[in-house]
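Note that chain A is present in both complexes that follow, paired respectively with chain B and with chain C.
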Partner chain A sequence: MSAVTSGEFWAFVAVVAGIYTIFALGVQVQFGFSGLLNFGHVAFMAIGAYTMAIVTVKTGLGMWVGALLGVLAAAAAGVLLGLPTLRLRSDYFAIVTIAFGEIVRYVATNEDGLTGGSQGTINLAGSGEATQYNGSWERFQSWLGGALQIGSKDVLMLLVVWSAAIALLYACAALVRTPWGRVLKSIREDEDAAASLGKNVFVYKLQSLALGAALAGVAGCFYAWQFSFFSPADFQPLLTFFAWMIVILGGVGRIWAVPIGSVVFGVIFAGTRFFDFAPFSYLDSAERAYVRLILIGLVMIGLVLFRPQGLLGRREEMLLE
Partner chain B sequence: MSAGAILEVRGVVRSFGGVRAVDGASFAVAPNSITSLIGPNGAGKSTLFNIISGFLRGEAGVVLLMGREIQHLAPHRIVGAGLVRTFQTARALSRLSVLDNVVLAAAGHPGERLSGVLLRRRAARECERDARERASELLRLVRLDRHAGDLAGTLSGGQRKLLDFARALMAEPRILLLDEPMAGVSPPLRAQLLEHILHQRDELGMTFLLVEHDLDVVMRASDRIVVMSAGAVIAEGTPGEIRGDQRVVDAYLGSRP
Partner chain C sequence: MFLQLLANGLVTGSVIAIAAVGVSLVYGILRLVHFAYGDVMAFGAFVGFAFNVTLGLPILVAALLAMVATAGLSVGLEFALWRPLRRKRAGFMSLFLAAIGLALVLRQSLLLAAGPRPRSFDVDPYKVYVLGSVRLSGAQVITVVASATTIVLVALLLDRTTLGRTMRAMADDRALAAIAGIDTGRVVIVTWILTGSLAALAGILAGLVQSTFEPNFGFQLLLPVFAAVVLGGIGSAYGALAAGLMLGVAMELSTWEGLLGGVNPVYKPVVAFSALILALLVRPQGLFGRARTI
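== the complex of A and B ==
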């Protein structure tokens, strides 16, 4: 059976799209609802994944506590990043977040003792002693598989990831409809006006940044469980921009645009590997891997030209001053 | 005269580069009054507004709100202390509904805190209902009730001014600073807006400080007028006194050689 028609393959694509949904939901909360330009989002994913793995391997607290701490650590990192920077003008804040993303990756690469260094999590307990952090996850999956009578690990993962994604999407959709969410939107529109109406703009931005970071932390844990191994190279800046593409593709300021953007993005990204016909057949597989990025770039350009509001956005809103 | 003042500005200075935009301005605003700040362009009125409302820091001098120094406070804290301002260019929150623009200004809404969203749901719901009711009334007052459900970004410039006014009232300030409230508002609506301001003063005991270029409105509405020129207060008095003041005429028209 070829990969195009393989259920396993598309289940895998869907799992990744689900993880990206949770990841990009963070950008949607931060940018789509609060106007924050966070270009270092991948760092929070890395912090979530690494904290979970490190706590699991190096302490007796277990993987589930590790996951909880991972999400909290990502949120705390959001607060720490925000405290000195959120008072800056938005473009300066954006620059600092890019630097933050790279700093986290470099620390993960060089602090071998803590993270396993460039070798990744296999080295977590020191070299020569291969380590795993996902034993509890495997047990959870086989228990769930038994309970639901599902044999395929990919299908199980798909169910788990998308259940989490949908729960988080619902929670965020409910949250942005509250008066709290209305204050976030007012800050997105005009932060001086919000301040002139008595809103503590700084605190709301901090909360939004931390919430988005926590979502990236959740995505980081799922990423770690899905691939059973990761290294600093998994957290390239490109991942942050995937999240931004998903948000823009789906529609800025729309919670349910995120899963749609993720699925479209995931299908384009995965689908390009089947381009084995001419003229793509003249390229070797490594070269073809770049074709997908070119294709996504073209889709983005086309979108900005013909549908700048994204798949789910409202054009009238785009045109307001 | 400053003993009973709700707002007092004393010796405030602020420069931009080499220009002293506000150069030792001093005046006081009596409670339950309408005071207008007038002066030619560049006199420092808007800069002074920004300093009073906490958006700019003065380099010298004091700003007292009900006797309390507020210059070190952030803008949102000054709102909490009872002083609200509007902007010269109306600041409609474009992608919020007109109604939400006004509801947003409700003070002390438990639903605006994450803890309240999670733990005080009933209080938040009740506050939201009351706020919506009050906001709807205010929108009727400025005749924007027909647009309550529209996005604020679809309003005209004059309508945005009215929305800003309604929103500022929603915050229930003790003193309201209005930066050119009449600019861009159509003449019939101007008369109404003026009536609302007078009504708020007479019936609800509110205090207003206006920057306004429409001298007709200023002369009719003001209890006192403060005239600024080149960053300093050059005259202060009732409309009658200001009308006959030679320094004011000079500041506006240029002095005779």
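== the complex of A and C ==
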């Protein structure tokens, strides 16, 4: 396999790592700032991607409006999910969010008329008519490529995704330093103390959930543009756990730990493709995929056991109940 | 039709109930949301498959052997993973994440060992029992009998034996139980043996009811099980039992045409969760949980 040294391949890995950075930043905002255990994060990504694609294909509003609506829809879904559930104890909340993620996927799989069903976005306008939602994106890419004199689509995507990721990281880092961000952190540390100072804990949690959901919506749009096709099978619960792993790997409560976590995660994930020595050489490609996920699981357990603070985090942050 | 759906619901519900009791006991005694429980169930089903189909043993013997093997796996994981984590004073969050990692490892190992193709147990598919207007397959009858027996046995264990009383004491207040002289380490091991066996049994019964199963099926089973655990009030074994049966019935009855045309059967899991979310809005502590645990 020559892909180990292929620039194209690693550019692709970096693009995906950038999308995961934005996605996992949502978990960092929700958990790292305010202690919310959202295990249905992938649902917000799905809502963002699907809203963008549906608006683009089925209305005359165009893709950019679609993307904006996608992010807003993801945030609105966060508010809707949070209203009945945020008053629950954190372990109940965690279980309800997993359920929420699965419900969104079930609906996307079975409501063919709205989402194209299990066949994915190609079926958005009904059978017999193959649909595309990313015409505007490709025009934007070729315009940007011309302006910057960059021929490779992968490199271009790399620039776009990471520019967005870094801008969002800066924005979130700035948010933490505002009074709003400090209240969020105080809720994470001691909810009762924050409440006794007159802070409306529920509203702050709701805002944090919605903000994280919006970030997942942004990641969903980039995901849709990067792969120019998606189906409900793209939004497995596994994706949520990847985001959690990135946050834990980098360090809980640290904004700049997220991109580091996702790059390390991307290298582990992509790098294991090149295990072509024994005993891995006896396995076919499907079996290697299983081994790769076993490895990811073991890394996750190992982190929790031996380095719960991740690469950059502080140990005390993970000991919070 | 209504009675048939009710009967199907009780069959589905009894499987959910058994698994929910397992998850609930693990939570009550170890404060662990056992996210890998569905995959432990799948492990049990596949060990049962190996004994039942590969080695040709009767399903009952195969189920008992699978329960022993799965109990062994659970105890092994206690020593390899959960005890070290507790020693390091891992919080709820760390335990949950470790369980997610474990779920990945178990599921993918099963896929690696057994491949993704669907399997079925060796039971007579044409045997049908008729009870009035209700028809039950052989697999469904095995499931009902096995789960009713198990439920009675678990209830007797928890209610009537010293062991059961120590388990409940520990679920109530770990520190107080330890001060009262209960050997908490032993209770934990017994809990893993019991919940591991329950997982294997539930996995096998689920495999029987569904007629085919594959390594991923544990995770799909887990969601209604979690719904039952929360609905019953986390950590309450009897609540989990009752909620499991109720959810099973609710899921099947929701497809009844007499009920506003019924919902599309693919949405059965969604029904379970909508029921859960609705119930939580009214009673955040679950149906049988106590308000003080909130």
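Keep this in mind: the second predicted complex is superposed on the first by the 313 of 321 C-alpha atoms of A that agree within 3 Å, B and C clash if a C-alpha of one lies under 4 Å from a C-alpha of the other, contacts with A are read in each partner's own complex, and residues count from 1 in each chain.
Operating definition for what follows: contacts are C-beta pairs under 8 Å (C-beta built on N, C-alpha and C of every residue); 3 or more make two chains touch, one makes a residue touch a chain.
What you are looking at is a predicted structure, and each value in this text was computed from that prediction instead of being measured.
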Scan A:A94 for contacts with chain B and chain C and give back first, second, both or neither.
second
First (chain B), second (chain C), both or neither touched by A:E102:
second
For A:E138, is the partner it touches chain B (first), chain C (second), both, or none of the two (neither)?
neither
Looking at A:E8, would you say it contacts chain B, chain C, both, or neither? Reply first, second, both or neither.
neither
Of the two partner chains, chain B (first) and chain C (second), which one does A:P237 touch, if any: first, second, both, or neither?
second
In the overlay, answer first, second, both or neither for which of chain B and chain C A:T85 touches.
second
Based on the superposed arrangement, let me know which partner A:I301 touches: chain B (first), chain C (second), both, or neither?
second
Looking at the overlay, does A:R182 come into contact with chain B only (first), chain C only (second), both, or neither?
first
Touching partner for A:N200 - first (chain B), second (chain C), both, neither
first
Between chain B and chain C, more extensive residue contact with chain A:
C
Contact residues common to both interfaces of chain A (with chain B and with chain C)
320-321
Can you tell me which positions in chain B touch chain A when the two form their complex?
53, 55, 74-76, 79-80, 84-87, 91, 93-96, 100, 103-105, 107, 109, 111-114, 116-117, 124, 127-128, 151, 153-154, 167, 171
Applying the document's contact rule, which stretches of chain A touch chain C when the two form their complex?
37, 84-85, 87-92, 94-96, 98-100, 102-103, 106-107, 109-110, 237-238, 241, 244, 248, 286-287, 290-291, 293-294, 296-301, 304-305, 308, 318-321
Mind pulling up the chain C residues that touch chain A in the complex?
33, 81, 84-85, 88-94, 96-98, 100-105, 107-109, 111-112, 116, 219, 223, 226-227, 229-230, 234, 264, 266-267, 269-270, 273, 276-277, 280-281, 284, 293-294
For chain A, which residues count as touching chain B in their complex?
175, 178-180, 182-183, 185-186, 188-190, 192-201, 207, 253, 316-317, 320-321
